[in-house]
Structure formats: structure tokens, C-alpha cells
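Chains: A, B and C, in written order; residue numbering restarts at 1 for each.
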């Protein structure tokens, strides 16, 4: 390979000069891939096997930090909370996005339909920090809009973010609200790409709407569905802004997620080594999700 | 003014050899046409001359200087593409000026040259339009203008007329011819259309599977095709071709198939490679449809009994299809004398115009 | 059969109209939290504590909350920081991605597939995973509390490389051939021929990138530790922490932090949507 690069760089022919330009154009990207991913990954792994001190250099301690982290309740609680949040949020987000996408697709382009689509999509542009505050105010037990509505229907007020058991579902509501539009958009783009011929053919074959949905829409939407699943799972697994801004992990750590755990371990308790182990755990989980995506996408059916 | 020479040029893509050992010399001011079906390597040859593809081996010389390793921009050539490749985001004026601008020419000089070419090609009224707003013929003219404006040493044309409709193609073909007569720039033109090749070329290079089949003037190629392939490729309707046996009787040579026997005149033998005219050998006999006529003068000598299969009125001429024994022939005749299919009649052949090829179909 | 046909069609139209109204209602409900926060931003402290709730503020000209916000914390500075970081990362990531995209789409060289896969796999790894080692790297070269440090993870986006490669692959090679013969170098081809042809992708990328950059939180929180290096999102959190339960103020700050994105959303919705779809359909 080195010999080849050498020839490619110093060769004189048109083709060699052109491929030299190719490498040259690629160089900045490769530089940043190294700087953003390769070095940090190595650094992180090294860190996870070390004892970190603010001033002194790293000290190799083997699996000590792994044992520390993997035996700590805090880590497992943060992880299980994050998984709970993910399992709660992602299916609802995607199902409702699919319903909205199907409905908007059914309605078709007509006067004002772009505006209706924009309504569902608008929350996407707000940062998650802003989302956290918008909803904390909505959830406010005393003056919030939601309890006011409950009161209107003679229902008991809910403590929302202030209740250990309700805080994660409440964060899920925020998350679903802010992510629905994006998924809907992706699913819509998939729906509009499906040729109407398939539906016509199915109708002629005597399929009803339900059959069409299961046998045409869903299989042909496979790629977009897998995609939103992966994006949402990743977004949910790394959720940080919502609990950080809305509850600061409270009440009594009931909303302390994995990334929040990493953040606090590293930057508030200055235990970089343990945070590195936790980061690697997140990394591995995300790798698994990515691998699953490849598995599902490779089964992509070609029509 | 310039010459172009290709010396043992080959090109492979992986294991696929698309051009092999092409030797070619194009003299100054010549209009050379590379002719062949798609996939015969003619476009690749042109792109190698342009510098868009690299040669796998061999040398390309312009004015006897090897330019293998020169970038296209340093070869001082211009190229007209099949789909014109006009930059869609630039006006006609900017399209014409682009090549000059890239060579850091003075703005005033650029404007002058662009206007000059625009006048020549009647593009002056279209200068501010964008390619999408032009008709096919206009786009073609702009593409020509873009090549001309730089006054390059060599023009390269890659099927420039094949995206146009028939009428426009004929019109632009003659325009192109006039332009070449006026500019006298060395030109290499790639096409699969034999009529284009015939009308435009000083010399035609017929290519097949990456190899040169024959080089010659349009007349040579038409009247004296060297191979069966060239014979088949040139001429419309195609040359009549039949497998026949060589029979030597005394000093005369006959070609026979079933009971049909055709005497071969000396003139034909003289221009044919006689090494394969052995007694009993199987060869291909060819005769162009225009060299066959209906014999109604009662001249028995050299006439054959034929049975009409089909007559097609083409306008000034008639295309007839008929059988002699079990061999079918096509001929272009001025008059079918009212012979209709199934009728028996007599045909004559211009034996001097018979072609003999070693390989068989 | 023949008679029932128009009936069926009419029923379908009724159904679709009904569905449309339902979707409008739900769409409006999606907007309620946004509307609510905007309304709150114009209310006074006594107003937000009023029960039962009042919907509309007493005056839409009550900008006190915004005035107080700017008086308490340097939000102008936060905006300046966010914009600076966004601009730095936009310029850098666009330039780098365009170059690499062109190389991948239109230049032949060895190990192209390998390099592309490398960049694509990087695309899948969320930045959050790398925050810690990246922070330590920044600390070592002294980029903490600097604009370059803030922009660092955004200087390059693998998504851009992918997007531009996709777009440039769609440009016919003959344009490039023609430009090469016209005497343009690779850089000039890129500038004069390719870039004008990928304007839609450029617009979409720039908007999406701006949005991601503007909405970033964890990284600026970690790296911008001094108040004068806070970005808008970090500033919003800091401000809200300071004025806990002063919801009229927090609402005002929240609204202000969203305004640039809302403007982009309203003005450039087409490009934004296009960009998001492109960022999503990466498979």
C-alpha cells in the first residue's frame, strides 16, 4: 500500500496526477476523521485502563476502573433508566409519526396541507434545551397548562416531573413531541416514493386497505422505518439536554440518564477514567444498534 | 496547423481490452472519421487523444511531440460532445468564453473572440440565453463555437450529431463540412453513422473490437472494402453476401453455389488477395444492390433466372428482393418493369463490381 | 354498480376532508406548547401565577422580560458566540466536505471504497460518545474557552461528505470532461462547474449544519466554561438556573433562543425540509 501511495503521489501521467488530486482533496477529511474519531477512541480506551489525575500523568491500572464502574449501582441505574426512556419513547414516536405521515399522505397535496405538515414539523427546529423549558412550564404542577386541562375535565392533577415514577414518562412526552416531525418527514418521503401502480395492482387483485398497508406500504417503507428506528434509538440513548435542563437528574436521581452520568462523573466529580469506561459502554451499545441496522437493511427487498 | 499520430496505442480496462495496437496518422488539415458500431473502441480512442483517458501503452503525438502525459488543457485540442456538455448554469456567452477565461486571457480579447465566433455561427442573438432555452441545433452550434473559439490545433468530435433529428442532422452535417473547408483545422470525428462518415471524411477509419479494420477514403472504403466486416458495415442497403465455392476451370475462376456459377473478371482478381482463391475453397461473394440490374434487353450472356420476392418503391428507385436458385439478393433498380412477387425474370450483374472475402459469414 | 360509483367517490372525499380537519386539530395541538411559551414570555410575574390560568398576556408590548434578560446576562454575547461558532464550523465543514465529496464522486484513485467506508462509519458514531477524550485533547492544546475549541467537533461533518458525493455523482461526467478540455484545473472545475450545479445541496447542508450547530448543548457546556464563552443554549440553561421558577423570564429566554431557527424555518422551509430528508435518507 505504501508503495502504491508513493507511485500515486509522484507518478507523472495524467491519471496519476489526477488521483493525486483525489488524495489531496480527501486529506482534510481524513485529518479530521483521525482527530475526531480515531485519536479520541484510542485515547478513551487508554483512559479506561488508567487512573486519571489532574496533574500527574496517567497510571495504568488494568481493569480496575471497569470493575469500579460495572459494580456501581449508579451506572446500572443510569443505564436502565436510559433504556427505559428509550423503550418508552421510540416506539410511540415512530408509531405516531407513521400515523401522521399516512394521514397526511392520504390527504394529499391540497390547499393548506403544507401548513398542516409544518405544524407537526415545527418543534423539530427547537433545541432540546428549549424543548425542556417549554415543557417544564407546561408540566408545572401549580400553573402549568396540562394540569389546568386536567382540572377542566375534573381529573386529579399530576406531579409530572416532580414525581419519581412519572418523571421519565414526562421526559418521553417532551422527546416524542420534539422528534415526531422529523420521523414523519422521513416516512413521508418514503411514502411518496412508492409508486401508485402497486396500490392499483393490489386493488385489482382484490386487496383491501388493510392488506395494502401490510403487504405494500410497510415492506416498501422498510428502509425508512429502519432508518428512523436507528436515528431515534441513538437520539434516545444519548438523551442529555432534557433531563439536564428540566430536572437536573432529579427528583432523587430518578431521571439521571447515561450521558448525564458520564457528564457528571467526568466534569463534576473529575473521575475521567470511570467516565471513559461508561462512554465505552455507550459506544458498544451504539455499535450494536448500528450492526442491527445493517442486518435489517441488508435484507432490503428489491422490487 | 497540426498532425496527429497514434503509435501502437492500446487501452485496457482491467482485463477488457477496448483498443488494441492502433496505428494512425492524421495529416494537417485532414478530416478523419472513426467509424464503427458502439463498443468498437472509437470513442475511447478519441478520449485518449483528448487526454480524458490514459493510454495503457503506445504513444500519441501531436505535431510529432509525444503528449501522453499532458493534461487535456495542455494539448491544445477542443472537443464537441454527443450531449454537447454545455454548462447549464452559464449563458451562451459564458459557455463560449469559459475556455478562454480558464487560460487567463484578457477580458477584452475574450469578448472579441467570442463575438467573432458567435457571428460565424449565427449565435449573436442567443448570447444571453441558457442552454436549457436553446433548441438542439442551437446547442450544437454553441458546442461547436466553444470548440472553435480557442482556435485549437485539433478538433475532436464525439458523435456530435447523433442527438438531433434527421433533418437537422443533415443540415448541420453540411454546415460542419463548410466550416471545415473554411477553417481547415485537423479534425477527428467519431460516429456510428456511415452516411456522416461518407459525407464528411477525407479518410475513414473503420474499427471493430478495438482494432482498425480498414483505413481509406470514402470511395476506397465503399468500392474496395478489405474485409467482410467493412463490406457489411458500409452501404445501405447492405451488400449482398453469399458463401460460394471457388472453381478453377482453365485459367478462369468461377464462383459457384448449387447450379449458380459466376465468372470472375480479371479486374476483380487483380484487386483481391488471390492466396485464398484456391480451387474448392469456400469464400464470401459480395455485390452491392446497385450493381445488379433487371435484364430486359434480352441479352442472354451473364444473365440469371430470378424469381421476384418483394418490390419496395423507395421513390426515385425501387428496392427489389429476389431469389436466384435458393440465394436471395437485394437490388436497387430504377424500374421494376411491373414485375410483381412470384414472377420470373432475368437479372444481370456488374461482375466487375464483385467483391471476394476470405472469411465466411 | 354504475350508479354507486360517484357515491363511493363522494364518500371518499368526505372521509378525506374529515381526516384533514382531524389532522389540523392535532397539528394545532402540536403547536400549543410553542404558542404557550411565546404567550408566557409577554406576561408579568403576577400574571403567570394567576389562577385560573389566563391565556393571553395583558399586553403584547410588554418587553420587560426581554429587557431584564439582557440586563441580567450577556445574551448579546451568547448570540455572538453561537453565530461565530456556527460560521466557523460552516465554512470549514462545507469546504472540507465539498472537496472530499468531489474526490469520491468524480476522481479515480486507489482505496476509494475503503476511505469512503471509513468516513461513512464515522458518520454513525454520535459525537456524545467522544466528548470526554475530545475535551481532554482540547484541554491539552489549550483550546478550552476558545471559539476554535467550541467549533472543534463541528469543523468536519461526515454527513456533508456523503451528501455532496451523492449530489455530485448525479452530475454528468461530460461537464467535467468539457471543463478539463476547456483548460480548467480540478479546483477550477469544482468552483466554476460543480458548485453552481449543487446549489440545492449546498443550501440544504448549510441550513441543517447551522441548525445542528445552533442547537448543540453538551459540547459547548463542557468547553465554554467561562460565561463570556457561553453559547445561546448554555446561556439559556445558566439563566434559567439563576431565575428558577421565574417562568416569564425563562420563557422569554427560551423564545429568544429559538427565534433564529424559527426564522430559518419560516423563510427557508423548503431547504430545511430537503436537508433533513437528505440527512435522514443516508442508507
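Please note the rule applied: a residue touches a chain if its C-beta (ideal position, glycine included) is under 8 Å from a C-beta of that chain, and two chains touch if they have at least 3 such contacts.
Quick caveat: nothing in here was measured; it's all calculated off a predicted structure.
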Seminar exercise, completed: Relative to subunit B, the most remote chain by C-alpha centroid is chain A
Exercise. More contacting C-beta pairs: A-B or B-C?
Worked result: B-C
Exercise. Relative to the centroid of every protein C-alpha atom displayed, which chain's own C-alpha centroid is closest?
Worked result: C
Exercise. How far is the middle of subunit A from the middle of subunit C, if each middle is the mean of its Cα atoms, in Å?
Worked result: 15
For this session: Mind checking the centre-to-centre distance between subunit B and subunit C? Centres are C-alpha means, answer in whole Å.
Result: 58
Problem set entry | Geometric centre distance via CA averages, subunit B-subunit A, whole Å | 61
Exercise. Using the touch rule from the top of the page, what residues of subunit B touch 2 or more other chains?
Worked result: 51, 71-72
Exercise. By residue number and range, which residues of subunit A touch two or more other chains?
Worked result: 15
Problem set entry | List of subunit C residues in touch with subunit B within their complex | 172, 174-175, 177-185, 188, 192-193, 196-197
Problem set entry | subunit C partner contacts - residues on subunit B that touch it in the complex | 47, 50-52, 71-73, 77-79, 81-83, 85-89, 98-99, 102-103, 146, 150
Exercise. Which residues of subunit B touch subunit A in the complex?
Worked result: 51, 54, 68-72
For this session: Going by the contact rule at the top, pick out the subunit A residues touching subunit C in the complex.
Result: 1, 4-5, 8, 15, 18-23, 25-26, 28-30, 32-33, 36-37, 39-41, 43-44, 47, 100, 103-104, 106-108, 110, 112-113, 116, 118-130, 133-135, 137-138, 140, 142-143, 145, 148, 151, 177, 180-182, 185-186, 189, 223-224, 226-228, 231, 234, 238, 240-241, 244-245, 259, 262-263, 266-267, 272, 275-276, 279, 282-283, 286, 290, 297
For this session: Flag every residue of subunit C that touches subunit A in the complex, lowest number first.
Result: 16, 19-20, 22-24, 26-28, 30-34, 36-37, 40, 48-49, 51-53, 95-97, 99-100, 102-104, 107-112, 115, 118-119, 122, 124-126, 128-137, 153, 155-156, 158, 161, 186, 211, 214-218, 221-222, 233, 236-237, 240, 247, 250-251, 253-254, 257-258, 261-262, 264-265, 269, 272-273, 276-277, 280-283
